[in-house]
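Naming follows writing order (A, B, C and D), and every chain is counted from residue 1.
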């Protein structure tokens, strides 16, 4: 039985499973590459305080708007701030926002999805309708509305993003549960008088975990892009926090002066991070339910 | 002269297990106006053989070696464009499943029009449609139904449409690949009747691919029996049904219920066709053959003429 | 079931969805952070002024009453008043909408054409280097923030090469007037169409020149999903009998690929287009800000910087309704296009 | 089968899930660990800046101020960005501890740089709560005194007190920048910071000038209400005043040129001004312009008493006893007390003459923008241009069209040079700069970022015009400790490094400012030089006196 395995073994099993991924064809590779990118960036962000050559928000640490040079490998911006240092530490905000929003999403979306679809009937119909109507909405616009009401700040950004992505969890879980409910061994368990709570946790939950993870990773990518978008429309954090999104937004003002390096590098970082998560997400969903592809 | 000439054709499928010969050194030749019945269990490579005459062997399969000559053209080495012109124009092809062989989003008329246009540019839509209607009419479909969509037709009707499409340009050769397998018996009979009638009226050259001996018996002039990608026996229909020589052919015939013969014991063929990925040595049939002797397990029997019929079996090899 | 009853049920399904959506937005603005009016003043205003302000916007009524007013208003095409100058938001929405619509239409054209062509290419050369590179491109396109791509575009094509203008809709004072004879005026607000109506080639070329960068940017960012979808469906449909049958009839490869395989792979692509419309609008908001395109998106962003919550609500609601209606339209179109649904 | 896959899946997934969560915790944890905990005994300031670019490059400045103040080691600055509208509202609500503000002159006289800030009445609008009776009396004397030497002494005193009390800290004086296509001429950026459209010739072979800006009318075009730079700019070009300051001049006492008035005289006691008016001028609706309209305008502008209106802010009421029209073409102003800059005041947008038909005298109700009716939205008339189109969305201008006013008195002399002006309004400096670079507009004026100016100066296809610009200063909210204490305010003043700011944010295209009176204007003394630039030692010692550190 799944839920009787000692948890300690998980990590032991995990390591070979990573290498095993490569044997799962393109999808496996995608996951592996994505995971490596994300992990690398996470680590970079964590250790940024120690590897940054300068204070990322320090003024005039170098000449103003100097193109990439030996001293300033990624150049400096209009305040003489070192882009390399800013690139190192600029991920913090996005990681925080993304992680928070994903956690909130899971905490809200998964229970609702499980409950509604498991009980079925009107509860299910009603919730689905609500979720669908949110799902159909242009995500960023809704996030903007909420963020505008809540005002700037990491938590508020995360919340506004979370609201937008809860439905995608709900939907995937629902579709999963509906199939799993029909599985012979679940019905069997029912007949053997397993109460519904039991069935839910020992049969259904373990089986939907993969899909949850798949959605979560994709959600990460979206959250990152959305948070960048929110910053871009002026709902981000004040200038004193290093943030790729902010650099991108502000870099636009330096376009005419031809300072490409001010937007290029933060931009690439965002792309890379989002790409990492997207790769993971697509790989996983291809691995665990090809249905998602449709 | 021969209309279609196939010489030791080899078609291979490249699979994870390696190469498997779906068609192995098959040689055939079709005279104008004749009808050849190509029989064998499913998976014996008869459809592949049929498709290879159009160079349409589905990937991962491909023609490995051999020669196919249609009239003067070398089918295997001619350009894609030439090949395209041959398809539909010189060779009409009828597929197994009429339900899925028509484009669901196109009206029947459109099928005809676009086909006629591609091969005979300059024909006006009206004329094209007209021709389509005539064809349908002769196939027993109301001409006005040409404006209907495929899903509005029954299986049998669709097969008629398919036949119509195959004949629309009056091809020299018609290949019917299990045309009735997916149809119920009544419709099957109708379609067969239709084919026979067409064959007479149009002097069709017809290759009828099927696993249904009965149909072959009543339509074909000559019969080719395939087993595991190889020709087992090839001869005039009457001879072959009178005295089948290859044990496999005999087995096939015995496995067919025959209303005329009362109290006949139906036999079936023990075992299953060989896995072409790792074929048995010698004669591919020997594992199932009642008359097999040690030579069969060692060398492969060549196709040899034996009073009028070609057969690949050591039993008739006087050496 | 008959097409008609299908359409009707589909419409009936849309209505509650829209209502829910409206309620949702309403709640966000009214309940979520507390009182939008005092928020507008950053909670720093003397109560009397606030009262008067609320009164002008009808924010002083009890929530249920407000809700009814709001719904009734929307039904009459009234999207509320702006907190800035109490002007009706609907005016601004309708005057800004054509710009967004034009951008969206062009972006869709890019998105579809790029997505489908690349998708078909990939599927035809399945598992080749070409296939893989196209797939990578598709995946990467999800990951690019549209405004970043926009900035890069501007940097390259406007700043360095001077090929295209860096923003706005048309050269100042060149706004096409549309159809005019005598006192009769008719303008769609879509500059390309208007300049055609006006019969002014110069304006036509110009408006296209201004459209190109923004629409291409938006199209590129969204084409990924279509590449993947087209590829997948093409791979499926190419296996189907009627494709082989078509080949066997000697049809040209182009006809087979586009008329048979793609034509049948197209319906799911169409539905996806409906779903993507939401993403398209979201992208438009950022694109418009990047290229200072005077559409709904830029208007929304302006409103944000003015803390004009009633206007924000108006725009968001408008977006919502728009999406619902479009997806409805697409579904109906789907029904018409797929003959199999016709009985 | 599917089930099997899932079972395998779970082991693997739970693994990945856990690792992901670990990474998560690591990221968040790592981040917070590395945050330096604020030391005890530091002065923590909530520093506000304007985030939507109303004042050039406010966000950059904020970053610079922060780093400068934190160099002392005794100050921690928390930055708060606020968009312009809420920034204003916060100002009125006294909710910002420290914030940066700017000033464009109404009339060209030191008084307009002193009274509005340092006078307990004038300074009221800033809401910083500065109040010094000695200062008030000095200002009153200075503004009513005509003798240059005496005024000089008075302003010297005033500026000394300004440094001692440091109620606000002048930081820099920017430049006014205009960029045009090379064949555009007649742009005059002078000390008045007025933009005289009628002097500008459009590019060769055109009679239309396409003008781009990021400005937007803040309230309305009504001289009785508008207080913003752009409002004044439009009034100047759409309306008419009795007198003008000679474009390009240094706005000295003899630089006044006739407008609606042909000549003027002042009584020896400086209390009575008499203006003779041009005859035969017509409003665009055909009505004649007479002394009555002048009287009407002044009475009205005062009667309306718009809360933000200049007439209140500059105390017209306290100054002007009466406006009389003895004859059709003569007006007499009687003042309550002598007022040195009176002529300058007459050239200020607040003193422009409105068209009575379009500007009803209903207190509290100025002429507001009306959708689709540009004429009814604009009480100004008689000027070089008529406003023929005004598109505005949600309180933000999108496009304006100006056509030559056939009744303008200057037509005979060939003014205005550009018969039509199309005004394009851009959402931000970048959009404006890009439009200028790509040649969409003939002229860009306000606000261009320094980096844009720099790149445009080196662009042969563009011509860059330079003139005096706005001043900016830091306001310290005296209602919030510790800024009720002058020492704390001086500590901030000392810690700021104007030179660094000017060189970093403005790439040298601005000059440090040590007094509220701009550089090069009469009576200016560099008071704040005494506190020095980036004078950390002084700042630290002051803060330590206050018990910080």
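In the analysis below, a contact is a pair of C-beta atoms (placed from the backbone, for glycine too) under 8 Å apart; a residue touches a chain by one contact, two chains touch by 3 or more.
In this text the structure is predicted, and so the values were computed from the model without any measurement.
Student: What is the graph distance from subunit B to subunit D, where chains are linked when they touch?
Tutor: Shortest path length, in steps: 2.
Student: Which chain has the mean of its C-alpha atoms lying nearest to the mean of all protein C-alpha atoms shown?
Tutor: C
Student: Given the two chain pairs B-C and A-C, which is bridged by the higher number of C-beta pairs in contact?
Tutor: If we tally the contacting C-beta pairs, A-C comes out ahead.
Student: Could you work out which chain's C-alpha centre is the most distant one from the centre of subunit A?
Tutor: Farthest by centroid: B.
Student: Go ahead and note the Å separation of the Cα centroids belonging to subunit B and subunit C.
Tutor: 53
Student: Report the inter-chain centroid distance for subunit A and subunit B in whole angstrom, where each centroid is the mean of the CA atoms.
Tutor: Taking the average C-alpha coordinate of subunit A and of subunit B, the gap between them is 56 Å.
Student: Can you compute the centre-to-centre distance for subunit A and subunit C, using the mean CA position of each chain? Integer Å is fine.
Tutor: 24
Student: Please work out the Cα centroid separation of subunit A and subunit D, and write it as a whole number of Å.
Tutor: 44
Student: Scan subunit A for residues touching two or more other chains and write them down.
Tutor: Residues 234, 252, 255-256, 258 of subunit A touch two or more partner chains.
Student: For subunit C, jot down the residues that touch at least 2 other chains.
Tutor: 154, 159, 166, 289, 301, 305, 307
Student: Give me the residues of subunit D that touch two or more other chains.
Tutor: Residues 52, 83, 428, 434, 437 of subunit D each touch two or more of the other chains.
Student: Could you list each pair of chains that touch, in label order?
Tutor: Contact pairs between chains: A-C, A-D, B-C, C-D.
Student: Which residues of subunit A touch subunit D once you look at their complex with the stated criterion?
Tutor: Spelled out, the residues of subunit A in touch with subunit D are 2, 5, 10-11, 13-14, 17, 20, 35, 38-39, 42, 45-47, 49, 57-60, 64-65, 78-80, 92, 95-96, 99, 183, 185, 206-207, 209-210, 213, 234, 238-240, 250, 252-259, 287-288.
Student: Within their complex, state which residues of subunit C touch subunit B.
Tutor: Its residues touching subunit B are 240-242, 244-253, 255, 259-260, 263-264, 337-340, 342.
Student: Within their complex, state which residues of subunit D touch subunit C.
Tutor: Checking each residue of subunit D against subunit C gives 52, 82-86, 89-90, 92-93, 95, 208, 210, 212, 368-369, 371, 393-396, 398-399, 401, 422, 424, 426-428, 431, 434-435, 437-438, 440-441.
Student: Report the residues of subunit A in contact with subunit C in the complex, numbered from low to high.
Tutor: Touching subunit C: residues 129-130, 132-134, 136-142, 144-146, 148-151, 221, 225, 228-229, 232-235, 248-249, 251-252, 255-256, 258, 260, 263-264, 267, 270-272, 274-275, 278-279, 282, 293-294 of subunit A.
Student: Please output the residues of subunit D touching subunit A within their complex, sorted ascending.
Tutor: Contact set of subunit D toward subunit A: 3, 5-7, 9-20, 23-24, 26-28, 30-31, 34, 49, 51-52, 59-60, 62-64, 66-68, 77-81, 83, 428-430, 433-434, 437, 449, 451-452, 454-456, 500, 504-505, 507.
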